[in-house]
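The same chain A turns up in both complexes below, where it pairs with chain B and then with chain C.
And now, the complex of A and B:
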């Protein structure tokens, strides 16, 4: 009996491994092979034809001294400067309001979430027309206040406008993440605090905010990751302009690789961008993450 | 007594504000839809059209064909690619997640950790090397270029493994006692018992592929093989003056995503809270 069980376990182990190895084979081709190529690209010069030529750290020093690349990185930081505070605050208010809502919760949730399932191309077209110089939003502003705003055509405003439409898309999604965290906080904590005479202000800063920490960090990480990968909106709406104020690393990478035919340099930039993004996430975790214990 | 009354008015105001905001949030969609069914001259000037017209849809579905911009075909390209990838991901994830959650073998934790390790790297790092792989396989400008890189998903396997772990082994053992095969156990027991996790994986995969833009933009140059997102974007760049038809195209591009969201809204909501764990 024991021997039979052992045999069965062995058979099971072989079966389990052979099924899982399907994924390993797939990952070797569609993840491992590109990974190796990434390394080759970073250290070579190559224009899609012939053999890659080893050039050592030349691509890396080129990235470090390329003002255009760093401009795109600064653009991402400008995007985050608008995007993260506004979306975080908005999502927080949304979550708190949703928590207090008695009627029509589903309607409100779905209205905000349906923005999140908009297609990148379609919603870029939609907003570039809504916010066009003579579009409906400016018409309304003109009728009400006698001014028009050059949403996407002013270098100092274009990135802010792009941040606005991404906020439109993601506020419901992030808000629901925070809402899930909010509803996990036991009501008894607030009641106990009230007995001790805590006002709404103290309750928010001493109970809600600390206990919501994991959800907030999660939203921050999602927002940072999104910021460094942004491509469709500026590509569709501004084409990186005006005056390259909305040129993102992704757009720069794609044009470098496929229009200037310089894949090695583009791949090196991709590694840098991934590194910076990773560093930002690490920093946010380091600064913000707190151990939370529910007693 | 007074504070109670104050609270009540506050609550009423909160409801009004939230409903107003909800309407503002769907306003762009309503505007887009109305823009696609009103005469071109009214798109920027009127919210409610003086008359409804289907000329823009007719244009994009018929006349664009003659301009060598086959939108009907592009719609079916997108549908074919998205459905194929979604089915492949659901199928492969279920089978592999079953092995990773219900079989005991030495490399198991190693493989699971490898999948988590993979998810740390952002996809854009691999865009250019992946292009080289597809080129070396001579698959540029084919449907395979859109399908093959996504038919298995580490994220999908991860989600289903986590979910499958929660299903008691008793069900499986009872079925095996009755002589059920592994495939029967996976597709008749595990999948139905974990249908919400399955729906989440399917939903997010479908939306991700349907909405994918950068990758097909790079690998597909042939107008006949373009997914709708890329064809719509190129049409928007080349024929920006045809605002009406572009709006109609944007509506067609949006409808499947919104539809699938409304059908699977429950899974979507669960998916958001699940990503927390």
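And now, the complex of A and C:
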């Protein structure tokens, strides 16, 4: 009997391993190999040909003392400063409105998701036309109030304008995540609170918001990882300007690797960016994440 | 008997298939060029059945340079490749990737036959030829004739003062501007604004002394150009963030353009084509009237990679391309971009084309006065600093002209050293 069980366990193990082996092979090729290669590059000097030469911590000290790299990191934080509060607020309002809708939910959801599946290049061209100096928005403002807004040409406003475009893209997607969280909150909780005399404000802050914690944290994590990888919008619209105010680490890395022909330095910057974004995600989870129990 | 016949056919096929030499050939991802190269490759393969040219456009990536470098890194570099600009060629030479062409047999005959001896001088890297230029696109000013006439200009403004005068009469804020002086903020935009203006103002002098590794554009010509840019922005006569195709919708009256724009204009805005006047880039007021006006050459060439397993076959193919009688005539017909040769205006083979294509003919006049970019390996950094230290401060009135020029030269010299 024991032998039979052992055989069965072995069979199960083989079956399980064969099923997961596809993923393991995939991960080894597309994740493991580049990951190992990345760390080799961080400690080497290599220009696409020949064997990488070991240079110790030279690339790392270079990143630490490169003002341009740190400027791009500061730009990401400036982006997050505009992006995260506004996109959270927008997505929350969208989720609440969707929750209250009786008809046409699918239509509204799909309308918002269209932005999310649009091509980055296409909508970047659309927005740069819309907000151009002689574009419709500025023409209207000029005709009505005699002023124009330098959406993409003011160093202090350009990143905000980029953030607005990315908010437009992601509001529906994040809104749906929050909506799923909202739908999972049992109606009975609100009814019980009403019996206890809670008003709308109290219900929102004492029931909705705490119970939405996992969804909010998830949206925050997605928003942070997105912020560190932002590329298409600034590349297409502002080219990193004005005065490098929208230059992002991703743009800097691509130019460094493929135009300055310095892939090892670009790889080192990539490791730093990954570290900083991981640190941010960890911090947000540490500060915000709460255990939520509906029982 | 039947068996013997089958066996011989199979053997013959085997021998035949093994004797075919495969050459990988990449060309620029441009619709007009694609049609052209496809025909050419087919013709070569028909003439040389022993050669199989695996032709494709440079794989899709952020830029041609990115695709080529990725291919080199993964050991899949092509044997022959087009679309290489002089700065990128210098980078590839630095990492020992290109074959030196002038030591190959028959190189001098190719140069002589294609009449490109002087042009090749501007392409030398460390005194050697690694690239054969295919085309040389002078950058010239396009003007909307009707908009010039609207404010009483019968011919395009030649000098900076004439542009100021035109701007005063023409500009309506937030609606239309006179000239798009600055093309954008990307590093490559400097080729099509500051560097073009500098070549025009200086009479074709280099902006970087490549032999000494020093930027030299903070001279009198540089100051004239910077003052022009500064004046245009100070008076709101120009803007950068304009709606798409501002020239064709009349949001700007003029701007620097390359000849590749002719095909675009003819297909996308056929009604506007007859309303275009082409002139050389603007020059300072004291620029002699009888002196030719120089400009920037957006030029790309062809290289053979050292990694090729068939250097002889690759060179034979390249030789055939450039000595082919109708190579450049057909190139012109398909792409409208002037071939990099010195006899464009004197060679009868091109005459019919110039007569039928007056816009392209204007470009041909300036091929001899079009200068390629500085052959340096730090093109990206140099032009990025030009943007950050010189162009943007002038756009936002953050620095005076002399300081912006001096700061840019100082920062560039720091990286060139």
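Everything below uses one rule, namely that the second predicted complex is superposed on the first by the 263 of 295 C-alpha atoms of A that agree within 3 Å, B and C clash if a C-alpha of one lies under 4 Å from a C-alpha of the other, contacts with A are read in each partner's own complex, and residues count from 1 in each chain.
In this section, contacts are C-beta pairs under 8 Å (C-beta built on N, C-alpha and C of every residue); 3 or more make two chains touch, one makes a residue touch a chain.
Model, not experiment: these values are computed from the prediction.
Undergrad: State whether A:129 touches chain B only (first), chain C only (second), both chains, or neither.
TA: both
Undergrad: Touch test for A:139: chain B only (first), chain C only (second), both, or neither?
TA: Both partners, chain B and chain C.
Undergrad: Is A:258 contacted by the first partner chain B, the second partner chain C, both or neither?
TA: Both partners, chain B and chain C.
Undergrad: Kindly classify A:152 by the partners it touches after superposition: chain B alone (first), chain C alone (second), both, or neither?
TA: The answer is second: A:152 touches chain C but not chain B.
Undergrad: Can A:47 be said to touch chain B (first), chain C (second), both, or neither?
TA: Touch partner of A:47: chain C, not chain B.
Undergrad: Give one of first, second, both or neither to describe whether A:189 is in contact with chain B, with chain C, with both, or with none.
TA: In the superposition, A:189 contacts neither chain B nor chain C.
Undergrad: Classify the contacts of A:15 with the two partner chains as first (chain B alone), second (chain C alone), both, or neither.
TA: first
Undergrad: Should A:244 be classified as contacting the first partner (chain B), the second (chain C), both, or neither?
TA: Second partner only, chain C.
Undergrad: Of the two partners chain B and chain C, which one touches more residues belonging to chain A?
TA: B
Undergrad: Enumerate the residues of chain A that count as touching chain B in its complex and touching chain C in the other.
TA: 48, 125, 129, 132, 134-135, 139, 254, 258, 263
Undergrad: Once bound in the complex, which stretches of chain A touch chain C?
TA: The touching residues are 47-49, 125, 128-129, 131-135, 138-139, 142, 148, 151-153, 155, 238-244, 254-255, 258-261, 263.
Undergrad: Which of the residues in chain C end up touching chain A in this complex?
TA: 61-63, 65-66, 69-70, 72-73, 91, 94-97, 173-177, 184-187, 189, 239-244, 246, 251, 377-378, 380-381, 384, 387-388, 392, 395-396
Undergrad: Please give the residue numbers of chain B that touch chain A in the complex, ascending.
TA: That would be residues 11, 14-15, 17-19, 21-23, 25-26, 28-29, 31-32, 35, 43-45, 47, 92, 95-96, 98-100, 102-108, 111, 114-115, 118, 120-133, 135, 148-149, 151-152, 154, 157, 182, 207, 210-211, 213-214, 217-218, 229-230, 232-233, 236, 243, 246-247, 249-251, 253-254, 257-258, 260-262, 265, 268-269, 272-273, 275-276 of chain B.
Undergrad: Considering only the defined contacts, which chain A positions touch chain B in the complex?
TA: Those residues of chain A that touch chain B are 9, 12-17, 19-20, 22-24, 26-27, 29-31, 33-38, 41, 48, 97-98, 100-104, 107-115, 117-123, 125-127, 129-130, 132, 134-136, 139, 168, 172-173, 176-177, 180-181, 214-215, 218, 225, 228-229, 231-232, 235-236, 250, 253-254, 257-258, 263, 266-267, 270-271, 273-274, 277-278.
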